[in-house]
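Multiple structures are listed underneath, in structure tokens.
In the two assemblies presented below, chain A is common to both, partnered first by chain B and then by chain C.
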Partner chain A sequence: MKAPTVWRHVGRNLVTAWLVLSGLFLLTRGLTDATSYLQTALEADSRIQAAERSQLTRQLLHRAGLDLPLFYISFEPTQGWQWEGTANQYHAWAANLLQGRLGTSYRSSAPVSGLLLEALRYTLPLTVLAAVLSAMVSVGLATTLNGRYPAGRRALLYLLHALQAAPLFLLATGLLLLFANPDVLAWFPAFGLGLEEESATWWQAPGRLLYHLALPVGSLVLMSAPALTIQLDAALQHELRQPYVATARAKGAAPSQVVWRHALRNALLPTITLLTELLPNLVAGAVVVEVLFALPGMGRLLAEAAATQDYPVLLGGVTLVVLARVVAQLLADALYLRTDPRIRLQA
Partner chain B sequence: MKRQRRSRRNWPRVLAFGWLTGVASAALLAPSSLLAPDLLHTNQPPFLPSHWLGTDPQGQDVARALVQGARTILLVSLPAAILTLLLGAGLGSIAGFWGNTRLRLTRSVGVAGAALVLSALLFAAPLLARGVVGGIGLLAAAALLGWVLHRTVWGRRPWALPADALVAGLIVLLDSVPLLILVLLVAAVQRPSAGGLVLLMALTCWTTPARLMRAATLQARGHTYVEAARVAGLSDWQLLRWHIWPVTWPVVLVRFPLTVSLLIGLETTLSFLGVGLPPDTPSWGRLLAGIRQSPTAWWLLVWPGVTLLLTILSLQYLSRRKM
Partner chain C sequence: MKQILFGLVLLVWAGLGLSACSPTTTATSAETIRIRWARDPDNLDPLLVDNPSAFEVTNLLHCSLLKGNEAQNRFVPWLAEAQPTTRPLGDSLLLVTYRLRPQATWDNGSPVLARDVAFTLKVMNCPGLPIERDQATFGFIRNIQLDAHDPRQFTLVCAGQSGDRVSISGDFSILPEYVLDPRGTLRTVPLPQLALPRFQSVAQAFARRYQALNLARHPERLPGCGAYTLTAWQPGRYLTLRRKARWWADSLPAPPPELQAFPPQLTYQVIPDATTATMALRRGEIDLYALMPAAEFARLQHASPDQTSLRFYTTNSYEFLTANFNVRRPALRDALTRQALTYLFDIPALIRATQQGAASPSAGPISPRIARYYNDSLPLPSFSPARAAALLRQARWQRQPDGSWQRQGAQATTERLQLTISYRAGEPSFETVALQFRSAALALGIPVQLHPTEQSLLSRQLRAGEYDMNIRQLAGNPFSYDFTSLLHSRGIGNGNTTGFSTPQTDRLIEAIPLATSPAEKARLLRKFQRALAYERPFSVLYFMRYRVAASRRLGVVPVMGLVPGYEASRIRLEKKPTTR
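Presenting the complex of A and B:
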């Protein structure tokens, strides 16, 4: 892969990300006026006098940068078109974003990047574990079904199709009710991460985390693995009909060896495309799972920010998701080249 | 012999049809009034008299909520799916048929259209506040701009609308954020009504049908009978209507049950998270969300869960050609 091609690829992804974020920023800021921000800020204190209130309102708006015009140009029926210069909300937001500052939360007045970092401590193990496990499960299942145990393939495909049909929140609730229920099987905790207790020593912490993450990760894997497995299975079926597989068999390779050494590498290419979608989709799935299992992660942060109209937090979260997608795209490109050296990227 | 085999092969299809018909008729026959909650029997387990599927933590009858939720599903998911497919099919066939170079306009139309779209996007808030007057005003301003430009020589020069690139760009933009997060964010701006939710889901889900339709249109346009019809002097519109769409619309139609099931999943997830429909609308997702308040009430998971799963599975089964 030549360097300019890579940069063009990255550049195009970044431009897309920038356009999406700008659109969402203008949408969220443009369609709501400052009232929602003021409500959350002033609701706490109802004793403020009317005169004081108007001054306070102006100060609050100024502090949040909401007293500026929204965009470079504005239109008022009384004054007509106006050029506002660089003193506008979009410019300030964009400049801050380029310097890595995501603004402050409307609700808690804490910096958004701090909130996101705190939330990522919980979400990162969750999504990364789920992504790795899904990839492993789907490769394992597809290769076993096509190599050693072809008998169970049809039944398992039916099961996978059924699993794929179920929405994530249904799967997660089902797991919760089966395995974290004193009436059925109380194997796993229903909420929390087990990191709060001070008694845990450093070598106990990973095990405790895994134990608490078992059900959330399990439901995410149940959501994402079926699609990957079905795709990989179809690709393997296609590859196993190719002439080179007949050659490998004639050479005397065992069925599982034919799959692992010969067919898998060629069958992986379409699945890698799905892997690009996997990471952003897992973050979206984390919204559901974290709300259900009461984990204070990014999904829960996003859901709460959406419920309370905390736009800086929402936009910050979406920024992270979009960036994760750009990174996943790059990873997928690198993986393409590793699996099939014949591929040349064209920008 | 042959007849027997066919009936054996078809019985899951019959079951799927039967289940969907059951859901649809339950939705049509559902009582529209909300019953006062039975506060004496909250969280009652099923198979007891008076509430034979149990009640939720607010004392609502689960069976009644299920039937009314079916009506919500019917009223939200079906229109949303139809809108999604229409939007996707329209944009996809425009992109596939005209491509980047074949949609010839004059520069005046192009500039006026671009100005119209840009200003509508930038000033959505003041326009929405003024309603119909603002819309008509904007349209009139754009028309005036186009007319003035059309008087000049520069404005009458031909210009090709890059329809394919525009649609592809829109698809890339929409697909770069996961669907659930995008809908969550837009729903946060304004708590949508039922109609708003339909519109929101259609505006975010049209990308896959558009992609399929674009590919199908590209394929259909290459056939020689289309060339023949073009040589015979048919206009672009006639070509599209009489020679392309009859070939391409099955592609989208096959997609219909799948889209409905996708939208049902999205709608119930949103209701489960509490951002979807208004709180007084009965919905399966809201019923399922009751389990967060009383984690041991298995009947709140089993009845709506099984209903939801069977509905989605039936829809997906019908959309599969063979299995």
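Presenting the complex of A and C:
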């Protein structure tokens, strides 16, 4: 692939990402009430008098830069379209973003980039472990069923379809009630990553992390592995009917050899798309699992930011996810080229 | 592939084995009390705290001059030695004189003095710091006068002469000058002149130093004169407070409840999900779970293993659920229609459905537990569609052949009685109330549309008056009875979302905080409740009860009707019987 084609491809993805983020920025700020993030706290404080409350709201909006016009142009029914200049919220946000600054959280007054990094510390071990296990489980299951144990394929596919249909909150709550319940099996902790005073040595730390992440990771694997396995199984079935497989069999290759050495590489193409789709999910975290198992990761951060109208955090998180999606698309393209050299990218 | 899989299984197994073999508790666990939080404090800068978790921590790290005491229904001395004395100055100012407890000291052993209070007020007025909230709350404190002879005595010059202002004047954490301004750069700057240009450089330099501490995330850099120090905080996970080995209040011969601190260590675990928190409580991973959902609480109370390992507490709170009427709507502008619609709420059934029967109906916004001020001669609202129909007729509504209601409005227009009811989406109890009301109204021929709405959108609609009826939760307290933002004409467009006001209620709202004696306050509050019971800008459906479940390794938990529902510093560990 020629270099200009690659750059055009990357450029197009980045422009799309910018448009998505700009749209989200304008929608979140334009359609919602700028003061709503203040209201809960202000209404709960009976010490603040009515007269001071409106002045306080104005001052706090000014501090957050929310008293500026939203965009370069604005529309008033009485005055028509108006040019607002560069002193507007969009300009300030875009200028900061281009300099790598994601703003400051309304809730914690901390830089958004710091909050995202902190959340990724909890999310990445969880989601990466879940993604790796899901990929391994799906490849292992699909190849075994199509190679060595074809008899159990139908029954397992029923089970996988049933699992795929179950929502994540059901799977996660089910695991919690089964394996962290004193009435059933209390094998795993109900929440979190352990107590702060449990000092672990370096060789204990991975084990402890795995112990605490067992149920969250298990929930995510149960959610994502069935879809991957079903997809890979269907692709393998398709490939196993191809003439080149008959040739391999005629040459005396064992069923598992036929699958691993011949069919798998061709069957992986659609699965690559699914696997790279996992990348933005790795960064976005898993809201349900993080809330249920009390892990302060990206999913929970973004969900709480949305619930409390902490838009800088929400937009910062979405920026990261959109970038991960762009990288995922580029990665998928690269892997396609590597897996099947006949494929060509067109600008 | 197989080798990788085998390796991974081995790693997991080894990890689990090693974790299981290693000790999971340490010596500190036995004396640690673990409390569930639904939400992280987010921000622990004393100038910016604004959620219940943050207030709880701040009150354990720092002391204020006064503290709300639920049992006494008033603010009582905390860091102050006694209740402040007051003296009017002219017809608009009030002098409030405090003396600090002589025993009170900072962590470095130096005494807490009046100059620390003056310093705190200067921080709360320092340009360049995020002081907007403190300005709105404590801006009425115009100056502080230090006593020339007694370093612990001072007088606050306050604008306004209401009793509430006296209480609020002592309700801010006192900060240590020796930590934040060791060279005393603000000491020579008079409080009212802090914002003047000639002190700009001093104020700016101080603001820079203050912000460099990043107290929002590092509150341990600001040791207070409270009983606890912050030893660990992983935002979103846990926060640990350790009791000071030598705290100044320990030297008091009989410390009042405000100055008692029993737990050697408090750890707050952030567990957002209720099911997980319940499981953690049952497994002994947390010791106390407050503000528990009604269904979970009832289930645990009746589960036999939990009856032996847990204790259950309920207490009446000051939070209440209301159905608000937008009195600006033509159909809802008259009190009789609003009274009629109130008869369509089946409150006992709603309490059973949403609170498992554990809530108290009330005639108005004063909690029935405050017997002195609650107007018990008013009848509790009852469910009576027949009475509702009679009141609608009195309000000139006429039943049409198709069962609907109409009346002649202003300028010969026809008004139809049809309503929308909006509430925060995803809140089951609000939805139950709305559904019950719709069903009762429909049976009477009043069409009602439900509008579950996202919080920020709802907030905007309420303030803009774009709704007919609304279900919402309001919180009061037993210390302050200022209804200005909720029901006064000055609150319209802010807290007064119903748009209601009458000259009579405005006068009462203004008079209540100025009442000089409890008897006078009770008389005015009872009159106010009677006026509201007739006008019905909102109908109080019920006052909620707080539910607390706690491990039996804790002694009897001191529960209260104010958030967080318990007094953490007064929880004792159950004494173990000595074995020989």
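A few remarks follow.
Assume the second predicted complex is superposed on the first by the 315 of 347 C-alpha atoms of A that agree within 3 Å, B and C clash if a C-alpha of one lies under 4 Å from a C-alpha of the other, contacts with A are read in each partner's own complex, and residues count from 1 in each chain.
By definition in this document, a contact is a pair of C-beta atoms (placed from the backbone, for glycine too) under 8 Å apart; a residue touches a chain by one contact, two chains touch by 3 or more.
The shown structure was predicted, so the numbers you read here are calculated from the model rather than taken from an experiment.
After overlaying the two complexes on the shared chain, residue contacts for A:A151 are found with neither chain B nor chain C. Touched residues of chain A, counted separately for chain B and chain C, are more numerous for C.
Residue contacts after overlaying the shared chain place A:G30 against chain B, while chain C stays out of touching range.
Shared-chain residue A:N181: touches chain B and chain C both. By the document's definition of touching, of the two partners only chain B reaches A:V287; chain C does not.
Look at A:R63: by the touch rule set out above, it reaches chain C but stays clear of chain B. When the shared chain is aligned, no partner comes close enough to touch A:A250: not chain B, not chain C. In the superposed model, A:L98 lies in contact with neither chain B nor chain C.
Once chain A of one complex is fitted onto chain A of the other, the partner contacts of A:V318 are limited to chain B, with no touch recorded for chain C. Applying the stated touch rule to the two superposed structures, the overlap between the chain B and chain C interfaces on chain A comprises residues 32-33, 173, 176-177, 181-183, 190, 291-292, 307, 309. Touching chain A in their complex are the following residues of chain C: 1, 4-5, 8, 11-12, 14-20, 22-26, 28-29, 32, 40, 42-43, 45, 48, 50-51, 130, 132-133, 135-137, 139, 168, 171, 216-217, 232, 234-238, 240, 267, 269-273, 275-277, 279-280, 282-283, 285, 305, 455-457, 459-460, 463, 475-477, 480, 482, 484-485, 488, 490-491, 493-496. Of all residues in chain B, those touching chain A in their complex are 119, 121-126, 128, 172-173, 176-181, 184-190, 261, 265, 268-269, 272-275, 285, 288, 291-292, 295-296, 298, 301, 305, 308-309, 312-313, 316, 323.
The residues of chain A lying in touch with chain C in their complex are 32-33, 35-37, 39, 41, 43-56, 59-60, 63, 107-110, 118-119, 122, 133, 136, 139-140, 173, 176-177, 180-183, 186, 189-193, 195-200, 203-204, 206-211, 214, 260, 291-294, 296, 300-301, 307, 309.
By the touch criterion stated above, chain A contacts chain B in their complex at residues 16-17, 19-20, 23-24, 26-28, 30-33, 71, 73, 75, 161-162, 165-170, 173-174, 176-177, 181-183, 190, 280-281, 283-285, 287-288, 291-292, 302-303, 305-307, 309, 311, 314, 317-318, 321-322, 325.
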